[in-house]
Structures are given as C-alpha cells and as structure tokens.
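Structure first, then comments.
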C-alpha cells in the first residue's frame, strides 16, 4: 500500500471555538450578577424557547457538562462515587451521574460551587431525559422542572397530530416559564433564536458534508471540539455565525488540499460518543495512517440532514431558504418541532434499521474503509440497537471493530485491551504502524 | 382450580396453538402492557404477552448488546429459538428503550405477517397526551382492519372494552381478598393467575376466574406469615416467589407489570367521549411505568397507598439488571416506604436468578423484620 | 502437591476453667462457610470452646468434623448439645442442628457479644462475599448490604492474590505496609483482572509488597463504598477472615477516618458465636414450651 | 535459516521453531513475572537441544499479550493475526477459530483465502476463559486434567449464572452443599463457559469448519459442551496451544 503524504495545518478558527465555549460557561456563571436567569437542560432541549425570556437568560446543558467532568478523571470519579453512595445504580447514563455528582459534592467542574439553575428545561426522547432533571431537582432541593415529550416516532411517519402534541406542550411550556420567572415572554426573541438554530444546525451538517473530500479536511477528534457548540446553545446567534466562519475555512482547506492528518491511508467512521477520557485512541490510529472522518454521532447529534435531489445526503434546506414565513409564536414552534423531528440521531430510537441506513449512506458517500463501534455502556440512548447496526454494516461488506467502554465512567474502559484490539483491527485492514 | 392456571402458564405455547386451531383466528404477540388489547379483542385477535423463559441463552449477543435488560434479551431469545413460531403478528407500545430492541430485532429477523410499533406518549402528565394517543389508536385500528380484511365496528370496540374490563375487575376482586389478615391466596398462586391473564383468551380466563373467586371466598386455607410487597419492573419468576414464600412470608400485593400495573384500572363510561378517547384515558391513567412517570412521582404515591392498604411489613424491590427507568425510581421508592416504616430489600434480577445467593438475603431480611423474640 | 498459600490455618481452643458438666444449658453454633467452617460451644452463654477448619466438599461432614474437633478431649458428644443453630452457606445441611439462621443475623449477634453493645456497623468479609450490616443496641440487624455478583473485596479475592504472590495469607497484611510509599490502587478489583494487572506490575519490576499494597487499598476502597451506602456509624467492627488482614483493615480505617473496634475473641468465630447465642435463647423457649405442656 | 515464533500469553510462553517450513522444535514454560528472560531462556534451551547456534536464527516474531516485552523479536503481531495465520496454514478448511486463552476468549471468522473477516474478544469477563476452569476445579477439588472426563459422565443441565469466575465459585459451593454430584457440577461449569464462548462466536457468525485453539481444547468436557451449544462438530487440532506460536513463526518465514 503506497503511503500518501498531505499538507496539514492547524485550524485557524480553533481559538475562536475555545473562546466561545469559555464565554458560554462564564455567561451562565455570572448570569445572576446583573439580574439575569440561568437554566439547565439537555443538549437537545428546545433552547430557543427560554431564549424568549430575554437576552440575559443563559443555559447549562447537561451532556456536554457531564463530558467536561469526564475529562477531569479524578473529579469524575468522586462524582460517580458520590452518586453511588446515594444509592443510584452504577449503570445509569454516565453524563447524568457525573452531573448529579457535581450537584451532590456542590463543586463545579470549572471551579467554585455548583451553580444551581433557576429552572430546568428539558425534552424527552430517551428513558433518562426527564428523569435526569426529576432527580436533579430532588438533589437541588426543588428547582422547578419542565420537560417536553418529543418521542412521537420517526420523521418518515410524522403527522399533523404528532406535531400538534409537541407544539401544544411547547405553548404550555411558555406559560410555565412566564409563571415561574415572572417575566413577560418575547416572541421576537423566540423567532430570532429559532432561526439561529436552523442556521447553525444546517451549517454544521454542511461542514460535515465537506468531509466527504479526500483527504478529509477534518478528523473526528477535531470535530468533537467543534460540534460541541451546537450542544451548548444551537439557538445562539454567535454560534451560528461561528459555523459560517468555520465552513469557509473548511472549504479553504479543501481547495488547498490541506488534510486533517498527514498520511490518510484508510478512512474510518466511528459511532456513539467516545470514551472522553481516552481520545488518544484517535491519535493512536493516526500512527497507522487511519483517519476517522466522523460518525452519525458527530454529524447527526445536532446537524440536520436530508436527502438531496441528487440522492446524496446533505444539510437540510432551512425554512428561511425555502422562503417560509416564521412570524408568529405558533409558526416558530411548529417549524422548530418539524425541524428537530428530522434530526438523524432521533430516528434510531424507534428502529436501529433506520440508523443503519444512515450509517451506510455515510460509509458510502464519505468513502469509509472500516468502522469502529464503541459499545458505550454510558449511553443507553445512542448505543441503542448498535448490534443491529454492526450486522448491517458487515452485511454491506464493511469491516467492523467493536470495543466496550463508557463515555463518562473510565472505570468501564480497558485501555490496554482496547489498544490491542485496535492493533488487531489495523492488521486486518492490512495496516502497519507507519515508520515516521 | 389453581392447577388449571398453573398448567396454562406451563403450556402457554400449546394453548395458543390450540386456540388458533380451534378458532382459526390470529394471534398477536405483544411486548409491553401499554398495548391496548381492547382493540385486539375487538378484532377477535388473541393478544399474547411475549415473555422470557429464564434459561441461559447464547443467541441474542449478535442482536442486542449485553448492557440492555436481561428480560428483553430473554424475550428476543424465545423468538430466535422459534418458540413463538405460531404468532401471526407482533406489536409493541412505545415505552422503554430496552424492550424496544427485542421488538425491532424480532421484526427484522423473525418472519410474521403483521408488525406494528404503536406510539404512546411518554408525557402522561399533560392533557395533550389524550387526543394524541386517541389519534394513534385510530391509525392503529385502520392498520388492523387492513390486516384482518374487515371493518372493526363500534359494537366490536365496545365488546373489546367490556372483555378487558370484566377480566381486570375480577383480578381486582381477587386482590381485594388479599387485604384480609390471613389471605386465602398467596403470591405464587396470584402470580399464576396474573401471568395467565396475559396469555389466555380473556373470555376463557374470566370464566375460570369467576369459579376460582367463589372457591376462594369459601376456602378454609389461609396464609399467616410476614406480609410482603413485591415492587419492580417485569416479574414473572414463579421460582423466585416460591422461594420468598418458603422462607416464611406471603406476598400480599405487588406493583409490577405482571400484576397490579396491568389490571388496576378500567376503561370508564363517558357519554361525552368517543371510544378511543375513553381507552386512551385508561392507559394514560393506569399506574405508570417509571419511564413515563415525570415530572411528578405519581408512581411513588401509588406504591405508598398500596403498602398501607395491604398492611405490608416489608417490600422487596426487584429490578431487571440495567433497567434504567426503575433504577431512576428505586431511591425515591425506598425513601417513601421507609418514611412510613416499611423496610425494603433490593434485588437485581438477571435472566437466571441465582436462588442460592438471593435466599440468604431474603431470609436475613425476614429475620430482620421479625424475630424480635430472639432478643 | 504445590503449597497452597491461600489456606488459613486450622485451630481449636477450649476454656480449661469451665467444667461444662456443671452448666445448665449447653448451646452450640456451627458456621459452615464456603471456605472455612467454625464451631462454638457455650456453657450457659459463656464461651467454652471453638474450632475452625476449612470446609470440605461435603458440608454435613464438615459441620460434624469441626464440631467434633471443637469438643475434642472434653468428653462431650453431639448428644450433649441441647440446642444447636446452623449458619453460613451450609446452614441447612447441618445434621445435628435444631434450627438454621442466616450468617447475617448470627454475625450481628456474635459481634454484639464480642465487641460490646455499642457496635452499630459490622463489616463481615467472608470467603465469597462481603456484608455490611447495621445493628441496633440489642444486636439485631436493622439493615444490610451484600456485594453483588462480583467477588472483588472478598476473602477469596485476597486468597487468590496470596497464591499469585506465593505469600502466606497470614503474612500479607503486614507485608503490604513494607513499601517506601503507598502506591496507586490497582484499577480493577475484579479478582481475575486484578490478577492479570498485578502480573503486569510484577513484570514491570514492582516488588511484591508494593503490588500487595496496591491491591489491598483497591479492596479497601471497594469495601468502604459498600459501608458508605449503609451509612456507617462510628462504632464499627470487622469480622471474618479479612479482619485478620491488617493490610486491608488499616486501609479501610484510614479511608473512613475511623478505628475499628477490637475484641479479645477470634474474629473468625463471630458467626458461630452468634448462632450459639441464639441457640441458648431458643433452648430456653423450648424448655418453657415443654413446661407448659 | 531458522524462523522463530514466540507466543507470550498471560500464563504460558509457547515457542516454536521452523526450518524451511518444518517444525523442528516446540516447547512451553510459565510466563512468570520475567516473561522476557523466561522466553529467552526457553529459546536458548531449545536451540541447544537441536544444537543450533543463535546466529542461525533468521527472524523472530512475537505474539500474545506479552509480545511487546520480547524486545529481541524482529517483529510482533497480535494474537488474532497470529492464530489465524497458523490455522490457515495447517487447517485451510477452517472458517471459524475459537481461541480460548488463560484470560480471554476470541472468536475469529476467516474467508476462503484465510483472510480475517471479523473477530470478537470476550469483554471484561473471565467466565469465558481458561482461568475460569482452574478456579472451578479448585472449588470442586478435582484436578484440572480430570475435569473434562468427569463432566463427560453427566448429562444433567444445571443453569449457572457465570457472572464472575469467583462468584460462580460460590454457586459451585452452594451446589456442592446441596449435595449435587460432582460430575453434574463439572458439566454445569463447562456448559457455562461454552455458553459464553458460543455467544461470542455467534456474534462474529460461524461457518464450519470450526477449530478450537488454546489449551482448553484438551478439555473433552468443554468440547462436548461447545458442540452442543453451536450444534456443530468442531475440529480439535493436534497442538492447540501452539497455533499462535506457529502462526508467528510463519511470519518469520517470509
């Protein structure tokens, strides 16, 4: 196998992404200083709705926060053990357990005490979503919680009644927000936020689509630090602008043949969240000339895709691009409900086979040579049906490697065993460690 | 008479095959108690709850990752082993993630001519869930009609509702007897009746139930031992209940989906509401599965009520390994029960239950809540 | 036959100052554990004799052997035991027992006698499992937890280790402290995987004692987690084989910031002792019943 | 030229020497704590026995979990690759390899060319490994060598919840206490391991022929159980424990 050699260059927008992320947590922490509000909820929550309470309302999303804790291994371990002490099972969602632990220990991962939110605003598609904040509220001594059920079935079966059910809950949630915050709701801010969400989530999908290029301009390890913004506040205008900027740079990398890794011999895709404490596995793969071009997870957790006229998979056309009117509260909520129901990572909750179809699309259109599936004990939701995905990929002729671990509980990840398994997998793909 | 129920439970597959033979009707295997059997009885379809066999198995690993609950893996194993080859159709009602996989893998790998995923709201505490669910029933009804090839009339529907209501009410009557100081029926016997309720043609089950009820009302046999409550997810483990009762206890009440959660409430009469709305309300108001019990903890309140109603001395919290919804409830349930002075014992179930390891826990638990005279 | 380092010594003891024939009630307890069995004989509730042996594959026989060894040279026979309570794994197969009671209740009762009435939390580290027990002022169990489906933190785990390192089980406690500095605990407490992890460390040239220290603290940490879930009280004690392993005990105390109660009795007999105490009470009840008839 | 294959497992080191494709020596020793020294000593011992000078060695390939310790090897490959190579060469008809080592079990599927299509390794559980049988034979007080034969005498089916090697031990103990016959318990144990292994092998999907690699192949009880679970006959090779070393040696050849 001939070893190609490509130009590489660090991402210019990298610093900006880091900055935005830090600012996000700063805003949340300092919200009260100038009379603002802070709320906590899931990364999939309809953040655009609380945005209608004012520009001084800041979120803390649970999953990214749980992952940030996972990076700090010692703190994470203390969090997990604190939760077990309270009698909660060890096999529950590890983001959730890290998050609860942070509450119980009353320590914030970025220093200081745990900054209690003024309310919880969640949505519900996996078994743990609403229960997460039900328990959080109990641990925090009664923070008011609200959650919207969005688990109405796959987008292909969407109906007016399903949308009505979600939208009715959204309308109620606005009344609830007004009641518990005593603030008057501003529909213009809602509409603005909804449009930002459409922009950012479609743009992220576009950026992922650019990674079809060979050599890949981005590797998955880098993408993790970029998609995360969308999990923090997809409705945030600054974040949407950032993705525009990022898209331009990725296009520039493609035009100038700048690759994510120097020697792109084979292209892999992964799936489910990685064990956050051990991202070095991706660096390890690079030694063999293997680049992970992404996954349904990194693409479709926030990116909104659709089948394009030419049959390929790409960013979904936004209502604005389609020239659809979004002028009233109801229009905004309906559009947002429909938009989110088409989220790739929301489809497999009803059938792994729908997920397999999307994974096969990626494998084909992104020119994937092998697949690496993380059987993630930390997330029942995204690991759902992964064994069936594996079968489908193998049936389609893709070599698949699986490894067990946990995105947020390092006690369930066996580093040496996983590394030797990857080595075996590289050998089966005919790769040797490159002498560089 | 209990032996008839025991036999039905043992020969569940044979019963269903004979039923098909006898009636020429269709059999529907279902995965979760949120399935509205009213519609199936209206369509003269025999609903059969798909359950596991509590044997170690090696066939599900390729289809379901081992971190999902052993019950769902055990169910899938039955299908992969061909034990349900007589089913004409399968269906599931949207509830927890785990059992969903048993359905989706079954749907792909095991032949059948009808398969249906019924959406059910997870947010039962909003009024908007009723019209949404009622509409999903309409859609489901159409699918059924297409399958069986004829319309399901209002009369059929009413018959379906009455069949279910009558059977559920009789179970309530049986449980009424368990409130007595010395109940005439123990946990094992109750479980036989409750399991078969989900396996046998309700009309037939109802007839036997009526006779059995008479027998119990006049029975002299009484159980006088420590009154226990069984709480948890799915539990059809007869061997386990026998072990618990042989240690000197009687299970007088339960809160799991092979038991009270299945039959506790009925479809109510309401002039101003159509049938689908009435049925929807029944399933929305039934004692909830933890996965649907938020933001208020209505299930915990219900459990406390039952514990007091049945004057239990202790509660055994059984949980299918990896069952997140229940893991998210257990600390709250424990707390609530301890606050009213009821001790709890937590046990984690797997496909096979290591009776030996559990026996000592149960014995020690009973020694803990009794045996004061030894000190 | 290679030396089995994991094996505990077998022993028996009798109180010469007691003439059992003068006693009104002779009650006994026999604890047939998975690894070892103990027998205790009480003369009017006072400890008269005890013995400890390893359990053979035939538990009725093991029960009989250990009881016979306990009464060795005393002229006592099984018929002299007015009331015997069996406990432990083999509690139901003790041919000469009048009743079976779980080791959880028996350990609590025994510890209450051995460590005094103030005891509130008991940690019993047996061969195959590990139990955290809350006890009231009467020695009655008010709550208990057992480690589930995993032998990490059990006596057996330590034995596997003793074997791996070819060090006598009685000595590994002290040896584990003969290190320059306390190492990080091994990451895996699973007996089998800890074993391979340890092998790895030894291959990296770690001295045995250091590996031992790393495993002991991992085990201690695991056990402390169990204790914390049952909310441990200040007056706590450790019974069972591991109680003799200072390497684990001291580390548990360190992590808890508490000192375990001590006793003049042999910690391994707590179960049999408790059984014998129950035996005495049950014996009195039996007599009362008889009297009524 | 002499080609050497060294397989450093968790428990044993197996070394095999090839001369122009012919096996001229194979031997085994405990891995112990100094795998490198032990391997080197064994190799020298073997060379002496066939009076070969160390300088005659053309190439050394190491495999097994301790392969990286063997710094005097010219190259190393993982167990999966090594055992597949060995099997492909000796048993070209084989499509599925079940390789049970001291601490992990592996299932490997090969295509007609002997290329690896898929493989699985049992995760974080010793219940599907050689170590399991050992701790069990201790609990049962029967020598490891008699374990298989004794289990063969039984046809009983006792389900065992083999979650953890040591915990299974306590289940064994309770079985012993409930005076279940040793042969039945022994069978229950081989069934438990076989069920775990078969479950893993079903994950990679098996085609005949199926071969059993690793020392466990000598356990006739296990062979019976695994055949029951897979509902298929399996090939029991002549030198099951040397297949990986053989594969490694073949890598040294070319």
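Here the chain labels run A, B, C and D in written order, and each chain numbers its own residues starting at 1.
The rule we apply is simple: contacts are C-beta pairs under 8 Å (C-beta built on N, C-alpha and C of every residue); 3 or more make two chains touch, one makes a residue touch a chain.
Quantities reported herein were computed from a predicted structural model and do not represent experimental measurements.
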{"item": "Maximum centroid distance from subunit D, chain identifier (CA atoms)", "value": "B"}
{"item": "Higher-contact pair (C-beta pairs counted), C-D versus A-C", "value": "C-D"}
{"item": "Distance between the centres, which are taken as Cα means, of subunit D and subunit C, whole angstrom", "value": "38"}
{"item": "Centroid spacing, where centroids are CA-atom means, of subunit A and subunit C in whole angstrom", "value": "50"}
{"item": "Chain centre separation (subunit B, subunit C; CA means) in Å", "value": "42"}
{"item": "Shared interface positions of subunit C, touching two or more other chains", "value": "149"}
{"item": "Where subunit B touches two or more other chains, by residue", "value": "61-62, 350, 354, 357"}
{"item": "Junction residues of subunit A - those touching two or more other chains", "value": "87, 387"}
{"item": "Contacting residues of subunit B [partner subunit C, same complex]", "value": "343, 348, 350, 354, 357, 360-361, 363-364, 367-368, 371-375"}
{"item": "Residue ranges of subunit D touching subunit B (in the complex, touch as defined)", "value": "159-161, 163, 170-171, 174, 192, 195-196, 198-200, 202-203, 205, 229"}
{"item": "Residue ranges of subunit D in contact with subunit A within the complex", "value": "65, 77-81, 104, 115-121, 123-124, 203"}
{"item": "Subunit D-facing residues of subunit B, complex", "value": "55-59, 61-62, 350, 352-354, 356-357"}
{"item": "Residue numbers on subunit D that touch subunit C, as the complex places them", "value": "10, 31, 33-35, 66, 69, 103, 124, 126, 129, 131, 135, 140-141, 161, 163-167, 169-170, 173-174, 176-179, 182"}
